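Have a look at these structures, which come just after this line.
Paired with chain B in one complex and with chain C in the other, chain A is shared by the two complexes that follow.
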Partner chain A sequence: MATESPGNEFGRVSRLRGQLFESVTFAASITGILALAALLIYVTIDAFDLEAASPEWLLVYFVTLVLPYIGFCLYETDRAIQRRTALILAGGLVITAVVFTAVEAFVRPIPGLTWQLVYLFLFVVPVAGYVTVAGSNTPTGAVGFGLLGRIAGGAALGLWLFIIFVVFDLQMYFLVYTVGVFPTALVWYAVRRWNVAARLAGSRVDRDAAELLTTRVLVGAVGVVGTAGAVVLRGSLPVYPTDLIMLAWSLVAPVTAVTTVLTARRYDRRRGVLVGAAVLLVALGGGFGLSVGALSQNGAVLLLLGVSVPTATYLNRVWRADEGRAGLALPLLIVAGALAGAVLVQTFGIQSPDPWLDLSYIRGTPTTQTTQARSAGLFPAIVGSVLLITLTALISFVLGVGTAVFLEEYTRDSGVIGAISRLIQVNIANLAAVPSVVYGLLGLAVFVNFAGFGVGTAISASLTLSLLILPITVISAQEAIRSIPDELRDGSLAMGATRWQTTKNVVLPEAMPGILTGIILALGRAIGETAPLIMIGMATIAFSPPSGLFSQLSAMPMLIYSWANNPSPEFRFGVVAAGVLTLLSVLLAMNATAIIIRNKYERDA
Partner chain B sequence: MMDTDPERFSTTSRRTFLTAAAGAGTAALAGCTQSSTADQETKSITITGSSTVYPLMSAIAEEYRQNNDNVDPTVNRTGSGGGFSNHFCVGNSDFNNASRPIQPEEEQLCGDNGVEYVELTLATDALTIVVSEDSFVDCLTVEELARIWESDSADTWNEIRDEFPNEEIERYGAADTSGTYDYLIENVQGEERGHTSDYTATEQDNQIAQGVMGSENAIGYFGFAYFFQNPDGLKAVGIDNGNGCVKPSLETARSGEYQPLTRSLYTYPSMEALSEDYIADFARYVVEQTTNQELVAENVGYVPLSESTQQEQMQKLEDAIEQAN
Partner chain C sequence: MSSENETPDLTRDTGLSQLVEGTTTGVFALCALVTLVTTVAIFVTLLRPAVDFFASISVATFLTGTEWSPNPSGGSLAFGIVPLLIGTLTVTITAAFISLPIGTLTAVYLSEYASARVRAILKPMLEILAGVPTVIYGYFAFVYVTPALQATLFPNLGTFNALSASLMIGIMTIPMVSSISEDAMNAVPDRLRNASYGLGATKYEVSTSVVIPASISGIVSSYILAISRAIGETMIVVVAMGSQANMPQVRDAILGIPYIHPADVLLQDGATITVAMVNIAVSDLTGGTLPYKAMFALGLALFVITLVLNVISDIIAKRYREVY
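Then we have the complex of A and B:
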């Protein structure tokens, strides 16, 4: 609405149009987020049965858990932030109560919500997020969240290891480690320690040949022979140590050793031994007695091993840096708050919700019987999904990076190779738009029927999913490689490096963050896919986790989809909601892992 | 990194390795051993096919697992036809469930690939025609039903019966890969009159239910299980097959009064699979469970077999197992 004002010869332009446009773009950008947030709120309420939580229950945990947490975050922030937080929390309480009651009274009742829940999701959760960000900028807060992040990340890593050992054979790993990896490491160490190459070089062999012979050929031979020996032994050896001993020897011991050496190298020997001892004690202590209720002994060892390494090294670092040590109390604060809440709820007999998403759901086997909703579990599908995504990540990394390196580093503009690479390039760009069900047909025809990998096996499914996301991984890896300046390549080549050395030492390390970002985005698509999996005959329901690459498996989206069609509303709301939250958590954990790896590469580069 | 100065930290590393090795060695000597797990591998059973039979089959498999944890049955929902043509008749699956008997083309495909099988009846399902609770429809004759679902179908309700309002018919039904779809065609309008394409097709029963609940001019059909659990908001239409109006229920389905919309549910084990003892054992268990009132009727919502039918099926299975070996 540009209006000309007659009195002013330059004219005046109305700002209205611009402001309207701005608000439209703002509305567009939050529509999706708001819709998703509303859905997630309802899913969370269903999954944890919060609708049945009494106001007293919410109040108890608000006081014992949420308020101390907010207090911790605000401990070192400035006054303005503290005042703002208190104002929003208090004001929000009044506003929600009044508005909600008014709407219920005059407009219509709101299904499945109480004003306490609305307050929780509209005010408490955003405020907690806000103070977390504010608090992590203070020294104490940074230490607290650093520790919390390492505990959570370590636990996720430990659980991932646990899942991998559910699928793959621990006895096989034990043999491979004992007769393959361990002797190889010993030989490699011995060759360096006593400088075997130099001694050998004296007589008839020249120095380079001796070096090659000892560090490459000898070490390689020991590794190959050992691994082959392990495979042979696995078929014939009838007796093995118990799981706990195998884990202690082939996983806890080497991890402890490496942690000790690395810490000793960074600080001093005493600290190295201290950190190593802490890791050993926590991990094995967990296995011997402290089995963490929900998990088996193996699970406890692996979980605690995952937690102890990053936690112990971080504690050591913080203690040494001598800043924000008070932040180390954050995990204790949370545990104490949860315990205090539980004690209060018990003592006063407060009615608590009966969550669908609990340990028995995570560990249980699935069911479809309409009267058995309470006993439904997700464990086989969780293991299936994690295995599927791990394999897909590996395969698509190899295929994607391989294709991108060929297209960016080895093609020429002319001749046969040029024509081939142009053909590949055009096809990849088009493949990105092919519907997923077509990839399912491809998987059915090629992997299941032609290659005979079996209906719905882990290997057929992960190959199919890898092909599905291949265009995305290739294109993003290409972008990443293309963004490396030619000066770097030229510098490397000018120093006499071969093209292979340049690619390996210069291009790929520089491009790695970009490549990993592409794979993260693509895996996010792969984990939620069902159409191609249905085509290759993946099991909708499996009662035990997969036991190898050629084992049938089910995945979370498949099971959730079939539960959503169950006649019983308990399935369609409770069980499905719990499944959706679990799927999202696994997805977030994987993305977080990938982002940490990416950030680390970016820092190093 | 390690090769910068191997001398410096050698002692720590070696000491740790030695301690760990000694510790593990001592413990192993103390007799903490277990036997190899190589020969205890779980044996898998692949079950594909109808999404109508899926809940029944997975409930039976779940029960079976509780006493046989070295056998791992997996059940998936490919649709009856999808299961036969993509998996079973190619020789890749052990059982295929179907909500209709195997079709001649599928028999041909199985035959070409040398896949032999036996047909077992599992339960009876009643196909339910549903309308919204507030709908004006209570009862339809088979011919009226055919007019609604045939390929050259009526557009408005008053074409079906004069007393119905002049409103467009909103149809919700099974996708054409589903056994339910084939069943309706064969038993109501007949092959030559086909199935309308002017409807919302889905494999998901609750989408049909949601659609039908949403409008009083809507009509839909699906298996009995869904309606058995969720009568709220939906009304089952009685069917008049010339002998008055019959509403679907467990009793009318089993007695055969609810005609022509009761149908049998089948599973097809392949002969090759039955030659394996553990699969034969599972197949026997499946047939045993077909008369289990609690499992079949209450937990899944189908009509269990009568004792005599079950015995026939068991005989058929035993003959097949004998022939397979």
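Then we have the complex of A and C:
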């Protein structure tokens, strides 16, 4: 401190001790992170076979892909940031080359690494992250990342739909839509459009009853009868249109219609038609065009439908807002860079790595034979994991939100109900600490053996996982609901709303972003869980994707578990590393979604 | 609206809305009940096969037996939990050597030294450590950590070993210690710190002799939670530690006190309680057999241990918390 005299021995010692302690605490806090980062670097290198990448290959993609990206991010940033970035990139290059070469020469060779790879992971990746953050604060960068995010999110949504249709019957959906959903929507529209309730109300029936009769009973009846009819028809109808026509009618058409109407309502009719036409053209045209490529026809339609809706609406919005339009070039920049890199690698015959994690891995079927390691794939396990997470999300959303609403909105602090709610609260805290393997035993005893849902089926597994994450979902939903100010509730109650109406119209909509964030984070926990799945007898390897709720399936972590102890290096360092990276990417995407929802909500609030 | 209505019905308390109100309350209560039912179901489903199991294998044999072989190829069945307990204890203690000091120091750094910006970056990154699926940690331990240790520190480390699994469990449980401990340290009021500074204490002295003692109940309860998590951890040990439940050699020390050399357990393959459960589940899920029931007995032991630890942690956090 300033008051200490400079010659004071004690002062110097204690200052040194303090600095030492601070460095020790700092080192401790980054130890775990650094250890994990090192492991992630190794697994990435293995999954993409980067060890085999020649320096020229790395250089080509560094120039065509990484540098343009960094340039884009820095386009509108401060001079200071640009200078710092250039300095770190250039200095890092020199430092890594010198230090690495020195270590290799004088200490010992480092297995599985070259100085170019060290530079890539120690400098390029962090710098890319840094400029991404810096760039997203500029208008152009924000637009670029906004577009990229919508494309990625739309693609994820489209792929999710595709996977759901792998599991469930497209023909069933087609019938349900045609005889159930579509007529229901028509009737609902007609009732609204011609105000049937008001006409009825004039004579003998009072208004509330007329409202109830038309909007609830009539519409509901059409829906129920239609759906039941679809189920009956599914058993007896022998002929169906082609998949593409069914998708076009029952999915592309309604999505296009809704997009058109919503855009028209927000802007004007011309823009609505424009956006709608773009969606329709991309989705269907892509279905015909891309079907020869990597994806099946259904897959292409669903993927492009998912991509086109958010992209078209976003393009429309950015074009009107007239700021940062240049950012729209970011996806083009990336695609062009990748293509240019590929062309250069081809023409100069540069030795390129043969990544384990590629499209054929995602689409392939698993294997345990060493000779077939190159053709091993993850597809059935990906479908299994997606199905599990979807079911788990539905179940835990209902249970978690229901429990949280009960504990926060429907209980009193005193009396019997208060005691029960305190008991439930303590119980939830304790359930959170129960090891996951014990939940597996619970699932085995209750869902598999007692309820007879079958060994290792989708329904047993997702029920088990739902119970496993229930404490987390309840606690996070409770926090979200608790953060709603009482003024909103009181306002609603003072207007004469009942408790349910207040919950439904005020509390839940306000709390929904927080609830969703918590549930997605909890699902991230569920997607990696393995022990409970083993306990309920899930197959380690399934060669075909599941075909329904009661069919056996496998999941990504199960496959990693069964492959991990495979003695052959192809599996140990190739196939499993690719699986680990796939699982981590899915996890990362889920967490990013949760964070985006939270940030958006925090900004709006 | 009909204008001839003289007294406006402000409550709109119709039969329908009461019905809806009652139904929704019931549905929410039912959801909340599921959590209670889950606890009861865990108890019942674990207890029934476990009671069956202890009818054929006495509790004393179970607790003192030194051999665990539920699926013998030719030999005889043996259900002694001691080797599993040794495995679990070794893993837990070794993991605690990693996670407790690192977690505590991290908490000190985050609550006393870090700037708001550093904290905003570090805390989510630490949470990632707990969010990585455990089967992936197991794979890391088996494929990267074990060979690295073999090449550097322990040349005679087994392919499957307890050490690398414990290291990974330690890393995984760091954020559990650090976040709860940091909460406890943040709860220490600033006037304690300021009073100490006023007496001429340095920041180091304030951290070590004021903040840590004042938040010791929170720190200890975070330790217990992390240990309970390490005990229940399954996939890391299943993948990296092997499956053979070995009874380590009991040596005699100079004074004739028997002891087990840690290296005998750490550097070799072994099994924990959770590993034994998974092994039975993988090989024998037909139900009704003795190994099947043994699996539930192990589950009961695990459940009781973690529950007791959790309750103790709760009591410590509540009872010994300094109230300011």
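Before moving on, here are some points about what is shown:
Basically, the second predicted complex is superposed on the first by the 555 of 605 C-alpha atoms of A that agree within 3 Å, B and C clash if a C-alpha of one lies under 4 Å from a C-alpha of the other, contacts with A are read in each partner's own complex, and residues count from 1 in each chain.
One rule holds in what follows: a residue touches a chain if its C-beta (ideal position, glycine included) is under 8 Å from a C-beta of that chain, and two chains touch if they have at least 3 such contacts.
What you see is a predicted model, and the numbers here were worked out from it, not measured in a lab.
Steric overlap between chain B and chain C is present once the structures are superposed on chain A. The partner of chain A that touches more of its residues, comparing chain B with chain C, is C.
Applying the stated contact rule after C-alpha superposition, one finds that A:304 touches neither chain B nor chain C. Contact with chain B, but none with chain C, is seen for A:169 once the two complexes are overlaid on the shared chain.
Contact with chain B, but none with chain C, is seen for A:264 once the two complexes are overlaid on the shared chain. By the document's definition of touching, both partners, chain B and chain C, reach A:572.
Look at A:449: by the touch rule set out above, it reaches both chain B and chain C.
When both complexes are overlaid on chain A, the residue A:156 reaches neither chain B nor chain C. After overlaying the two complexes on the shared chain, residue contacts for A:463 are found with neither chain B nor chain C.
In the overlay built on the shared chain, the residue A:544 is in contact with chain B alone; chain C does not reach it.
Shared-chain residue A:89: touches no atom of chain B or chain C.
Within the three-chain superposition, the chain B stretch that clashes with chain C turns out to be 181-189, the only such case among 181-189, 235-243 or 253-261.
Within chain A, the residues touching chain B in one complex and chain C in the other are 444, 449, 455, 534-535, 537, 564-565, 572. Interface of chain A with chain B (complex): residues 169, 171, 189, 192-193, 234-235, 237-245, 248-249, 253, 256-257, 260-261, 264-265, 269, 272-273, 276, 365-372, 444, 448-449, 454-456, 534-535, 537-544, 547, 551-554, 558, 562, 564-569, 572.
Contact residues on chain C toward chain A in their complex (touch as defined above): 1-2, 10-12, 14, 16-17, 20-21, 24-25, 27-32, 34-36, 38-39, 41-42, 45-46, 49, 101-102, 105-106, 108-110, 112-114, 122, 125-126, 128-129, 131-136, 138-140, 142-145, 171, 174-175, 178, 202-205, 207-208, 225, 228-229, 231-235, 238-239, 274, 277-278, 281-282, 285, 287, 295-296, 299, 302-303, 306-307, 309-311, 314.
Partner chain A is touched in their complex by these residues of chain B: 2-3, 6-10, 12-13, 16-17, 20-21, 23-24, 27-28, 32-38, 41-42, 44, 46, 48, 51, 54-55, 58-59, 61-62, 65, 69, 72-78, 86-87, 90, 92-93, 204-206, 225-226, 228-230, 295, 298-301. Those residues of chain A that touch chain C in the complex are listed here as 1, 14-15, 17-18, 21-22, 24-26, 28-33, 35-36, 39, 42-43, 206-208, 212, 398-399, 401-403, 405-407, 409-410, 421, 423-424, 427-431, 433-442, 444-446, 449, 455, 467, 470-471, 474, 496, 498-501, 503, 524-525, 527-531, 534-535, 537, 557, 560-561, 564-565, 572-573, 576, 580, 583-584, 587, 591.
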